[in-house]
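By written order: A, B, C and D. Residues from 1 in each chain.
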Amino acid sequence: MAQGNLDTLRERLDTINGQLLELLSERAEIVQEIGLEKERQGVPKFDPVREKKMLDELVALNKGPFSHETVRHLFKQIFKASLNLQEEGQKKHLLVSRKNKREDTIVTLGDGISIGNGKPVMIAGPCSVESYEQVRQVAAVLKEAGVTVMRGGAFKPRTSPYDFQGLGIEGLKILKEVASEFGLKTISEIVDPAHIEIACDYIDVIQIGARNMQNFELLKAAGDVRVPVLLKRGLAATLDEFLNAAEYIVSRGNTQVMLIERGIRTYEKATRNTLDISAVPILKQESHLPVLVDVTHSTGRKDILAPCAKAALAAGADGVMVEVHPDPATALSDAAQQLNFEEFAQFYKTVTESGLF
Amino acid sequence: MAQGNLDTLRERLDTINGQLLELLSERAEIVQEIGLEKERQGVPKFDPVREKKMLDELVALNKGPFSHETVRHLFKQIFKASLNLQEEGQKKHLLVSRKNKREDTIVTLGDGISIGNGKPVMIAGPCSVESYEQVRQVAAVLKEAGVTVMRGGAFKPRTSPYDFQGLGIEGLKILKEVASEFGLKTISEIVDPAHIEIACDYIDVIQIGARNMQNFELLKAAGDVRVPVLLKRGLAATLDEFLNAAEYIVSRGNTQVMLIERGIRTYEKATRNTLDISAVPILKQESHLPVLVDVTHSTGRKDILAPCAKAALAAGADGVMVEVHPDPATALSDAAQQLNFEEFAQFYKTVTESGLF
Amino acid sequence: MAQGNLDTLRERLDTINGQLLELLSERAEIVQEIGLEKERQGVPKFDPVREKKMLDELVALNKGPFSHETVRHLFKQIFKASLNLQEEGQKKHLLVSRKNKREDTIVTLGDGISIGNGKPVMIAGPCSVESYEQVRQVAAVLKEAGVTVMRGGAFKPRTSPYDFQGLGIEGLKILKEVASEFGLKTISEIVDPAHIEIACDYIDVIQIGARNMQNFELLKAAGDVRVPVLLKRGLAATLDEFLNAAEYIVSRGNTQVMLIERGIRTYEKATRNTLDISAVPILKQESHLPVLVDVTHSTGRKDILAPCAKAALAAGADGVMVEVHPDPATALSDAAQQLNFEEFAQFYKTVTESGLF
Amino acid sequence: MAQGNLDTLRERLDTINGQLLELLSERAEIVQEIGLEKERQGVPKFDPVREKKMLDELVALNKGPFSHETVRHLFKQIFKASLNLQEEGQKKHLLVSRKNKREDTIVTLGDGISIGNGKPVMIAGPCSVESYEQVRQVAAVLKEAGVTVMRGGAFKPRTSPYDFQGLGIEGLKILKEVASEFGLKTISEIVDPAHIEIACDYIDVIQIGARNMQNFELLKAAGDVRVPVLLKRGLAATLDEFLNAAEYIVSRGNTQVMLIERGIRTYEKATRNTLDISAVPILKQESHLPVLVDVTHSTGRKDILAPCAKAALAAGADGVMVEVHPDPATALSDAAQQLNFEEFAQFYKTVTESGLF
């Protein structure tokens, strides 16, 4: 009889479940109509005052057994689901979301060089542009190896105001000159919204650095031009924040955006940062943008660059970025973690011959 | 007319809200009956198979506009609220929760010394018990200052197996002898479930260290005796995990448990750990157990112990713990962070005369 | 004889120690001369090529028993100490460092209102400026309570480009109008270097937000005006990075800078961020700038604001900042964590009557 | 002439560098003699009192230009280098260190199954042993796929004392029975030092869980038997702490130890933990022990297990571990993250056919 009792109670539960579903669906339809009406009137969809009033009324009606708190919670969930429904049809999903665009975005740098097309890319170059001669030396090595995209910092965001701040526009000019000499594409970081426009004349990809990932004015300026952007993940940014930062750029019309994981800040000090490898498959799933990994900044250790680059590719990354310098010991920044030419050759061989490249 | 239209739609929404509430309440009552029935039958309340079946049926019935995913989500919320309802009346809240017991737990060490009674306590002593003479020197200083509870490690959990591991039972004997000589109460860490019983003969409070916060066998053993326990928060434990660790002890009958925040692991290296000061008011709200702060391990810096101790007390802590050593430079462990006698005198004066003690 | 042997060896060690010290001192004097010479020539002090050459020579000379690696390490330490010596006399310490200026910096807002003078300040106001009426309501409540500095966001850096971005210049105008009406000082965040100048016409303190702590172009622009700056610690900034960010401002001539701790990102989710309370005494020791604590963003929980504010003051903070809104539930940002007027009154009373204010 | 002046100063510097090196080498030889003498006498090498005395004497002698603080710092570096020298020849390096043993340790489970021999291993099985039938179902699937090592938890360390705690010894018996039926090797976690001995009768590998990585009594007990141990990295353990934990086991004679990365606790919540992929190459460099990756606990997300497993192998891991359950939705623990049989088949195929396995 006990089991029979249970069965009866469960049947009643099933009936109520069905009735709840019916009411929820009816409610959802009304909410959709309200959404359309609001659209016509140009009124915002989310109306916290109205929502609060509804909750207050429901609590006033509530006679238990659910606590008022639970009633509030359940209806907030229902309201939220309804709001999401209202927002479908229009924005619904971020522009950078794969739900919005299923096929991969391919970033084109010209001359048949593109990123995100299934063939991984290697981006290499010095941390900072220090001189024409230095960049030229690196470019020659890259060209010889078959690398087509060179990085080099002209504007260097440095912790201390007294550290080398980069050569600025002069550095961009050096990059352009060397790049045209060797037929390479270039990437360089821009840090001031006022420099975005001018940068387009000198470089092929604008990099937004980790410290500026939520410098929204810079993101907006980068969204207003039509040069590809390489957006670095912030030091302690969540993936959600990362994607939203990219959305700032894409929502202004610049769809040529690449994401690059560069390690996050954790308690572990064996590496400079912690390479969040799972960010690669998650970003590839969530977004249609190319995803790269900066192995140099992720680890800050030359001795593990090759296995980490292979891991990045195995996890689905569209490319890796690495720092190379003619004489790392004398580099004006990041002296410890840049590869010299011999180390780069070894790294390049290991990665490109791994079957993953 | 547009606004009129909106108003009509909103009225319909209000009606449906009321109907949903009625159904939800009716459903909740049935669930409560099921809960009682299950209790009679000794069957577990949570039945994932049944839950999955109900969700599948609802999805089969769903004709939109909510997506199947949303229907699943909303009903899972409803099921969860119902399950919580079932569990009310019996366990419902943790024994350590203030919802279970509103008044503060006062831990009594005998001789009129108690912790958690509104008057803050200062616990001091060396990191490790090194010798009878060393402990005696510290005890004399503490006694003179008016400190009534002395800490001292006999079993030392050390990162390396080659570091000083403590004097073991011999150390407990030294503590007992000196304590009885000076009329002090003692706290010492126990690391092996097999030592809990014997420890009760020598010390007044059993400390469970940060590394052992989720050594559940040790917690259970500490729950089986009737000596007060000082439970340290784990290096990366959430407050929820911390309270559940205490529950392991209390659920076995030992209700004399104190919680002690000792810093958490973060990226910041200016301090050895990061003192999570907000843990103090949260733990005091969530639990009726006394809450202390170990300022030595939280910071690892002698130069900020006094302001951090004052902050702990201002935040509502029932006491602070600090390490004192006759000659920190020669200490066998934690040499850098222990106060010498002069520094302790200064610290003690600053804290006790702050108006917070 | 064994002990005799040891003693002899130790005597020889002592002699060598003395000789080493003499050589090190002589070496240091030469390095100082080189430093002066370089200054005359306008050549940078740090010369990595020369340093590398010296190390290579030493390694070539090394016959053990130290490994080459150890020799390199020891001489790098010696070189570094020498370089520091060269840099003494001129910059040596950051301008924000207390070693550079022992007495506390007092930030003056006019009308006899100043921060950092030993009397704590309370800064309160809404997360966002939403309307003239809303700000006016808050201002009236603050004025009545005795609060003299009001915060309010006009430019809102938001994770999503689709969230409310603030009223912009319009918001600054509202702040100015209400402030003059009630005789309050105002603080508001600026996010674009191009807005710094104009902001000076409307507000009394420019806030640089957590996301922009290393937006160096913004820091430089804030350093070029003469309006006080409230600099927030970055989400995952070290204290060293925080002080260097302040140095960017001060090094350009704006010495009226305040530091504000606002919680750091950790694994703990009981609070929105983790209030790093030990940052307060460390920053006060390291720097002469006023140090405040934003209790709202540090915790994200209204229920622990008062104990955390008291902890901040007990730790030595020069003030606390808190968010207040006429109707938090309908706020356009940070709805969950702002205090309503009644809650603020309770908070204000608890904090100001604690004996710490 | 200025340059001439610089050159002269530099020559003098070079001379002094050479003299310093000579003195340092002489000093090092004396320190080595002292070390041998101390060894004969059985006296500890590190003598903080003597070190303090030497530093005090040097500071007393110091006439600048180095500050006393700098003199202390430089000589501490020299003392430390000397101490390291003393310790060479004997222990010097951890037993788990590759400096101590260059060739890879291969862990042998019998029947020709071994781990760390260059061919990656896949370990799979349910989170918890729930019943004979459940384990049998999993074993059949694993056998069919070609997996030779099965995991399954009998003693489950759970955050709450009210959660399912595992079947205990009964669970080990089930494992043994099913394993012998299918010819599989088994791994199961042991949580109490008192159970280590008995466990050896039932399972092929003893797992020490993340929460117990620094439960040193458990490590010692595991070091006293001769069954292979799989040691999980703690939730917030550094790699140095991880290796030292392994050293606790190996130093007691059990050399058959495997390390397994299982994700660390960070601020990022897109994954349950953050897979620290760089731990793999670092541990492989630092240690000769096999290194595995638990992709299930590292990520807590079924949708990224395959790319993360491939990344682990590409980074040099000796194997991966994954959870499989006949019906994850009804699992008594970790319901959300276990693969069902179909998902496992897909995962297995993707990983083993990647060219990395």
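The definition used in the following text is that a residue touches a chain if its C-beta (ideal position, glycine included) is under 8 Å from a C-beta of that chain, and two chains touch if they have at least 3 such contacts.
Here the structure is a predicted model, which is why all the values come from computation and not from measurement.
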Chain at maximum distance from chain D, centres defined as averaged CA atoms: C
Classification of the chain A:chain B interface as same or different, half of numbers criterion: same
Centre-of-Cα separation between chain C and chain B, whole angstrom: 32
Whole-Å gap separating chain A and chain B, where each centre is the average of the chain's CA atoms: 37
Where chain A and chain C are represented by their mean Cα positions, the distance between them in whole Å: 28
Residues of chain A whose C-beta touches two or more other chains: 236, 240, 265-267, 269
Chain C residues within the chain B interface of the complex: 236, 238-240, 264, 266-271, 274-282, 285, 298-299, 301, 303-304, 307-308, 310-316, 354-356
Residue numbers on chain B that touch chain D, as the complex places them: 48-49, 52, 91, 157-162, 191-194, 211-212, 214-218, 234-236, 240-241, 244, 247-248, 251, 265, 329-330, 335
Chain A - residues contacting chain B, complex: 2, 5-6, 9-10, 12-14, 16-21, 23-34, 37-38, 40-41, 50, 54, 57-58, 61-66, 70-71, 73-75, 77-78, 81, 84-85, 236, 265-267, 269
